[in-house]
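Take a look at the structures below.
Consider the two complexes below, in which subunit A is the common component and subunit B and subunit C are the respective partners.
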Partner chain A sequence: MPNEFGYLEFARSLVLLGAGLSVGTILSVVLGNQLKDRRFVLVARRTMIGAGLCTVAAAVGLVFGFVNGAYERSYIFNYSEKGLPLGYKIAGLWGGLDGSILFWAGLIGIVGMITAFGFKRDQKDPSGRRLEPWVYLVFGVIQLFFLVVIAYVTNPFEHLSESIGLEAFNRNFPDGIVPDGNGLNPLLVNYWMLIHPPCLYFGWVVYTVPFAYAIAALVTGEQGNYWITKIRRWTMLGWLFNTTGIILGGLWAYVVLGWGGYWAWDPVENASFLPWFTSTALLHSIMVQERRGMMKAWNAFLATATFVLSIFGTYLTRSGIVSSVHAFGSGDVGYWFLGFLLFTIAACLFLVALRQPAMRSPHRIESLSSLEAMFVINNLVLLAIASCIIILTLWPKISNDFFGQALTIGPPVYNKVTIPFFVLLLLITAVGPAMGWIRTSPKALKKNLLLPALLAIPVAALVQFGAESIQAGENGALPWAKRLYPTYIILYAATLIVFSVTYEVLRTAQNRSRRTGTGYFEALTTLFLRNNRRYGGYAVHIGMAIIATGIVCSSMYRVEKHFSLAEGEQAKIGNYEITLDHVNMQPNADIENNRVYGFQALDLKIVPKIGGEFFMHPEKRLYPKKDGQVVTEVEIHRGLTEDLYVFFQSTNEEGRFNLVVYRNPLINLVWAGWITMILGGIYAALPLGRKRVGLAD
Partner chain B sequence: MKIAIPGVLILVGVIGLITMGVLQGAIPEIGVDALSSGAFDGETVRLQGVIHAIETDVRPMRFTVRDLENREMTIVATVDDHRPDIFKVDTDVAVIGVFDAKTQVFEGTKIFTKCPSKYEATDSMGMGSEAARGGASYGDDANEESIGQTEPALDEKLAAPAVQSPPIEE
Partner chain C sequence: MGINDDPTPAAEELAAGHGIKAERPLLTPVEDPARIKWLHTHVMCACPDENWSRTLGNCPDGCANPQKGEIADMVYDGKTNDQILDFMVKKYGTRVKSSPGLGGVGGLAFFLPVFALLVMAWFAGGLVRGWKTQGDAARAERRAKHADIDPEEIARIERDLESLE
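Up next, the complex of A and B:
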C-alpha cells in the first residue's frame, strides 16, 4: 500500500532523523569551539552516536524488508525475489546502488560509534580531548552527506508507485500487493557476493577514522604521537578488509565470469585498488613518524588521500564518465560524490598548507641508505602506481575532452606502465629488512643482503623452470625477452623478499641468542612475540611475494585451448584427456522454489595421465525472469600445481558443444599469498609486544 | 633534498611510461557514425553501439551494430571471441577490431557487453543504455522494433520456460 506507515516508512524517517542529528553534531562542535564550552563536545558525541544508530536501524529495516518480501518497494522489487535463499535476500542490501549507499552509511555509523566510545575512554589524555570534537565534526559532515544522498538521490525505500507512478502501479497491482520481485541478478547469486562487497565497503569505511583523526590533527595543530598511534590500528584494519575485498573480487571474477582470469584493469577493479596503495603507504610512513617524528603532514595527507580515493571510486563507478565492461548506475549521484570529493580535497589541501610549517620535523633524512629513506621511496612508488592507474582509468575522458578523441586503454597498457613500478616496489620490499634507521653502512648492507641476493638467483630460475614444466610448452615457448622481463625479474624480486626476510629473522635470533645466552628457538619465539608489528609486517611482505609469483606464473604460463565436442568425443589438454560423456538438459530446474531456471549441463569425464578420473559439469542456465538472461556456470578443478578451468561457451549449429579450457599454473599461490598477508596483518595489529620509544624522543 | 633525486626519477618514470603506453596501446573509441566516415579504415578501434540484429551467435559471431544516437545507422560486425552471456538484441556492446572498407564489415577480436555487477544494471559502459535514453523501460518491449532474430541461446526446450516474470506496464 503506497501510503501505509509500516516499518519501512519508519526506517525512511530514521534517515531524515539521522541527518538532523548529524547537523546537531556539526553545530555542537562549532558552538563549543566558539563558546569554549566542553559540554558541547558531549552533545556532539551523543548526536553522532544517535545519527549512527538511526542509520544502522534504517539499514536493518531495509534488510527486514528484503527478508519479509516487501516487493512494493522499488529497490527490493529490483534486487530480490521469493525464491532466493535467505543469505542472498540479506545481500540485496548491497546488491544495488541505493542499498549499497545505505549500507556504507550504516557502516560509517558503526565505526563512528566505536570511535566515540574510544574517546569516552581516553578522556584523561589531553591530546585526545583536543582532537575529539574535530573528529566528531568530520564524522558529522560525512554522515550528513551520505544521509542527504540517501534521502534525496538514492532512496532505497522508494515505493513502486513513486518510481513508476501511482496510476501504473494501480493498473499493475489493483489490490496493492506486489507478489514477487524481479530477483537478484543471477551473476550475483554466488557465495562471494555475501562476503566480497561487505569486506570492500567495510575497508573503505574504516579509512574514515584515520581521515577524521588526520583532519582533527591538522585543525588543532596537534604535534604529539597520539593521533598517529590511534590511526595505525584503524588503517591496518581498513587495509586488511580492503585487501580481502580486492582478492575476493578477483576470486569472484575467476569463478563466475568464465574468462579464466581474475583481474582485467576494469575501472571498477581499479576503484577498489586505489585506496589500497595510499593506505599501504600510510602504514609504512606511520613508522617514520613514530620512530623519527618526521612526515606528520605527509601522513595527514595520506590518510586524507586514502579516504578521498574511496569516495573517488564511488564517483568513478557511478558517474558514467568512463567506459567499463561492468554495468554502472549513472545519474545525479555521481555529481554529488564529485562535489563532496572536491570539497574534501580543497579542505585538506588548505589545512595541510596551513599547518605544514608547524608540523615540520627537526629531523632530516640523513642518508638514502636508511630505513626511513626506503619508506619514503616506497611511498613514492606506491603513489606513482596509484597515479598511473588514475590517469589511465580517466584517459578516455581526458583524451576526449582535451584532444577531441576518446582513447580507450586496455590491460596491456596498464601492465606496461605499472609493472616496472611493481618490480621496483618488490625490490624495495626486499632491501628494507637489510636497512637500519638513520644510516646503513655499505659494509652492513653487503653483509645483510649479499647472501639472499645470490641465493635468489638460482631459486627464482628454479621456480620459473617449474612453471614452464607445468605448462610443458603447450602454448608455444615464451620468447626469451619475456622470460627475462617481466617473468624472471619479478620471480627474482619475489624470491629475494623471502630470502632477505628469512635471513634477517635468523640473524637477529642468533644475535639475541648469543647476547642473552638463551637457546636459539627461545630467542626466536621471544623476537616474534615482542616485535609482532615487525614480524607480522614481514609475513605480509612474504604474502606479497607469493602473490607476485602466482600472478606472474599463472598469467605468463597459462594455457588456453578451444574444443568443439559432440557426445562421446575426446580432446586432450596437457596431461588431461577430456571426454564429453553426456549432455544433461532441464528446461525448468528449480521451479519448486519459484526461482526458475533451465540448464544445459555437460558431463565431462577427465582422465589425468597420472591415473584416476574425475568429472566436471560446466553448464549454462537460462533465467526467464531476468529477461531470458543466460549465465554460464564455470567448472574449476583445483590442483596443487594448476587449475583446470572449463568454460562452456556455446552450442554450434551442428549440435556440437564449444568449450574453452584453461590450465592456470600456480594460480593457487595468489590465494595462498592473500591468506599469508591477512594472517601477517592480523598478527601485526595485535596488541602484543613492548611499547617502543621513537628515536626522535 | 636527498630524497628529491629518487622522487624526480619516479616522476619522470610515471610521465615516460604513461606517454609510451598511451602512444603505443591506446585505441580510439568510436561510434558507428564515425566508422562510416572512413576516417578509421584499417585502424584498430573500439566500436561502441547497440546490438541491432543477430545473424549468428556462435563463434565467430555475426551481427549488426547500430549507432547509439542515430538508430538508422548500422554496420555488420563479425567477432572471433568468446560469446558473452548477455549477447542479445538491444544490448549495449563494445567491439575491438578493424573496419574493412572493401567488405564493409567490422572484424572484431574482442567483444564486451553489459556485464551486470553489484551496481546498477541500467547503464553499461558509461554510454547511457537504451532504457536510460528513453527507450525501454517498465513494460516496454525492448525487442519490439528490432529487426532480425533474437538470440537462440540454448536448446529450444529451454527457450520456452513454463513460468515467466509478471510484466509491469507503465
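Up next, the complex of A and C:
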C-alpha cells in the first residue's frame, strides 16, 4: 500500500493508543475504587489527559493531511481539492461523517483535559476529590466509544486502496499518486460552514461535562453544591455554543438554500435543537437547587438528558433513519450510536432511580405563586416541546415500520403542535421577573405585572400593524383568526417579556436609589454589576422576545413572487422595480483559487420607490467535479425593515430567466435577537457580582 | 466516488443541461397568493433529490416547478384544497402531504404529543401537590415556632418585604 504521508499512519495509530489509554482510565477508576487507593485517581487523570492528547493529535494530523493534499486518503479525496481556500481545507475535518466523528472526539479530548486540570486545582475540596474519579470514568467510557468507532467503523485515515480496492486504485493511479481530490460539496463552501458546525459540536461536547458531573454525583450520592456550581458554568458554555450553532445553521440555510427561510423542522435541525431545550431547563432549575436545595435528582436527570439528546442527534444525523436535506447518510455507525445511546439511557435511569430518595430536599415549594414554581413549569414546558419534537421526528419511521404507512410529518404539524407550548413558554418568561422566591402575594404580582401587561396590548398591535404595512397586502390579507393566533398572541407575549423585564429593572433601581440615597443611574449600574447573572439572564429573555417577533413577522408576512424575465424586462414586487439588465455567462470560469466551475449570473437593477437604485447578482454555478452539480448563489439585499431575497431558479425554453423573489419583513430581528441572547449569556456567565447565598441556608 | 478525467465543463454543457433549465416556467400565482402559500406549505416537494424532506414552499429548485404549476392550474380551475391534495396523493403517494389527516396513524402524530403533555401535566400536578402539602406543613410548623412574635411585628416585616418586592 503506498504511504507517502507517514504522519497520517502515525495519526491513525494515535487513535488506537488513545483507545488503549481510555481503557486505562476506566480500569484505574475501578481498581482505585476497589482498593481504596487514591493513587489510581492520579493514573486515571494522566491516562485521560493522554487519551485526549492522542485524539487531538490525530485530528490535527488529519487537518495536516487536508492542508498538504494527501488525496490518497479516501476521506480527504472525497472532501477536499487543491483549489479550495485554506479555511475550507481545514473545514474538511467536519465536512463529512468520518472526519466529524474524529473532530467530535478531539473536542471531547480538549474538554476532558480542561476538566482534569480543573480537578487538579480543586484538590482541597472534599466534594471535588470524591467526584473526580467518576468524572474520569465517564469521560473514559465516552472517549473509548468514539475512538473505537473511529478506528473500526468510520476511519478517516483509510487509504483509497482500502476503500476502492488495490486493483482499482492501481488502475486509476498507476504511479500511486492521487493528484487532486473530489472537492467539498459546493453547498458547504460557505463561510458559515467554517463556524456553524464547530459551534454546534463544541456546544454538544461541552454538555459531556455536566453529564459526567451528574453521573459522578449520582454514583457517590454527593449532596453539596460543588457539582451544581460546576455544572452551571459548563452548561452555560455549552448552551451559548449550542444556541450560536442553531442560529448560524439557520443563517447558513438562509443564505445558501434559496427558499428564503431559515428553519424547516428538518430532522437534523430538530436534532440540534433538542439538547437546547433540556440545557435551557437545566440552567433554570440549577437556580432552584442553588437557592433552595431542591431538584437535585431532577438536575442530574436534565444534565444526563442533555447529553443523551446530543448523542441522539448524532444518531439521527448519521444513521439514515430519517429523511433529511443534510443528513450524513447511512451506515453501520448508526447502530453503534444506538447501542451507546441505549446503554447510556439505561445506566442513567438506573442511577437516578437509585439515588433519587437520598437526594430529596427538606425544602418544598410553598406557593404556586413563586419563582421556583415558575421554574418547575418552565422546565415542564421545555421538556414537553422536546418530547413533541422527538415524537414527530421519529413518527414517519414509526408509522412506516410498525403500521406500514408511509407518511410525512412536515412543518404544519410541528407548528400546530409546538406553537401553543412556545406561547406558554413566552408567557412564563414574561411573568417570571414579577415573581419572588418562596411566595409572591397577589398584590405584589399585580403591582409588578399590571402596567407591563396593559402597555404590551397596544405596542404588540403596533408591531403587527408595522409588519402588515411592510407586506402591503401583497400576499392577500391574513385571515382574522390567524392575525389573532398565533400572530398577535406571540407578539403580545414577546412584548410583555420586554416590558416586564424593563419594568422590573427600573423599579428595582428606583428602590435601591431610594434606600441607599444614591443617584438613579448609579443604583442601576450597581445592580447590573452586582447581579450579572440575573440581568444577563434578562437580556437573554429579551433576545428571545426579539427572535420570536422576527420569526412571527418574517413567516406570517413573507411575500413570495415568481418572475420569468428576458433581458431588459421589468417586474415589480412591493416597492421594488426589478429590471434584468444583463446576463453574464461564463462556461469555463476558473475563478476562485483555481476551483473550476462555470456560471451564469444575472445583473438585476433594483429601483426602490424611495429612490437609490442598486444591483443584485444572483447566479448559478456548475461544478463538474461533483458530477455536474448546479448550485445557486442567492443574493440578499438586507434592510432594516425587510430583506429582498432573489433566487435564480432556472432558464426556460424561451430563453427567459426564472426568478423567485422574496420579501422577508423584520427577518433581521432573528439575528439581532441571537446577538442579544449571546451577549446576555456571556454577561451572565462572567464571574462578577456577589456570592450567592441560598435561601435554604 | 467520482474520479474525473476532465474537470473543465464544455460551454454547451452549462447552457443546455445539468438542471439549469426548468421544465416549465412558474409564473406568479396572482389569483390567490394566500391559498397558494397554504398549499405550498401542505404539499411536499416531490423532486427525487429532496427525498420528501422539504415542502414545496421550501423548495425553490426548478424541478419543483411542474408540481407548483399543477397546483396553480388547479387553483385557477376552481378546485378545492381537498381536491388538490387528493390529486397530489394519487399522483405522488401518501408522503406528498406534509400534514397527515387527523384520522389513522397520521392522526396519532397529533395526539401522542398531547397525550405526552397530559401525562406530564398529571405528573407535574402530583409533584406540585405533594410539594405544596409539605410546604404548607412546613409553613405551619414555622409559624408555630414563631408564635411568640408580636403580630404587629410580623405585619411590619410583611409590609417591608412587599415594598422590596
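In this section, the second predicted complex is superposed on the first by the 687 of 697 C-alpha atoms of A that agree within 3 Å, B and C clash if a C-alpha of one lies under 4 Å from a C-alpha of the other, contacts with A are read in each partner's own complex, and residues count from 1 in each chain.
In this text, contacts are C-beta pairs under 8 Å (C-beta built on N, C-alpha and C of every residue); 3 or more make two chains touch, one makes a residue touch a chain.
Because the structure is a prediction, the values reported are computed rather than measured.
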So, after the overlay on subunit A, do subunit B and subunit C clash or fit? They clash
- Query: Which of the two partners, first being subunit B and second being subunit C, lies in contact with A:W480: first, second, both, or neither?
  - Reply: neither
Return first, second, both or neither, reflecting whether A:T440 touches subunit B, subunit C, both chains, or no partner chain.
second
* State whether A:A373 touches subunit B only (first), subunit C only (second), both chains, or neither. => both
In the superposed arrangement, which partner chain does A:S650 touch: subunit B (first), subunit C (second), both, or neither?
both
Which of subunit B and subunit C A:T408 touches, first, second, both or neither
both
Quick check on the superposed pair: does A:F563 touch subunit B, subunit C, both, or neither? Answer first, second, both or neither. second
Among 20-28, 74-82 or 146-154, subunit B is struck only by the subunit C stretch 20-28
In subunit A, both subunit B and subunit C touch residues 164, 172, 182, 257-259, 323-325, 365-368, 373, 376-377, 380, 384, 387-388, 391-392, 395, 399, 405-410, 412-413, 416-417, 421, 585, 587-588, 596, 598-600, 620, 622, 624-628, 630, 632, 647, 649-653, 658, 660
In their shared complex, subunit B is touched by residues of subunit A numbered 94-97, 100, 164-165, 168, 171-172, 179-180, 182-183, 185, 187-188, 193, 197, 257-259, 268, 317-318, 320-330, 365-368, 373, 376-377, 380-381, 384, 387-388, 391-392, 395-396, 399-400, 405-410, 412-414, 416-417, 420-421, 585, 587-588, 591, 594, 596, 598-600, 620, 622, 624-632, 647, 649-653, 658, 660
Contacts from subunit B onto subunit A in the complex sit at residues 2-3, 5-7, 10-11, 13-14, 17-18, 20-22, 24-30, 46, 48, 57-59, 82-83, 85-86, 88, 94, 96, 112, 114-128, 132, 138-139, 142, 151, 153-155, 157-166, 168-170
Listed in rising order, the residues of subunit A that touch subunit C in the complex are 74, 77-78, 163-164, 172, 182, 257-261, 264, 266, 323-325, 363-368, 373, 376-377, 380, 383-384, 387-388, 391-392, 395, 399, 403, 405-413, 416-417, 421, 436, 440-441, 443-444, 447-448, 474-479, 511, 560-564, 585, 587-588, 596-600, 620, 622, 624-628, 630, 632, 647, 649-654, 656, 658, 660
Within the complex, subunit A is touched by subunit C residues 1-4, 6-15, 17-22, 24-29, 32-35, 37, 41-42, 44, 50-55, 57-62, 65, 93-100, 104-106, 108-110, 112-114, 116-117, 120-121, 124, 127-128, 131-132, 134-136, 138-139, 162-165
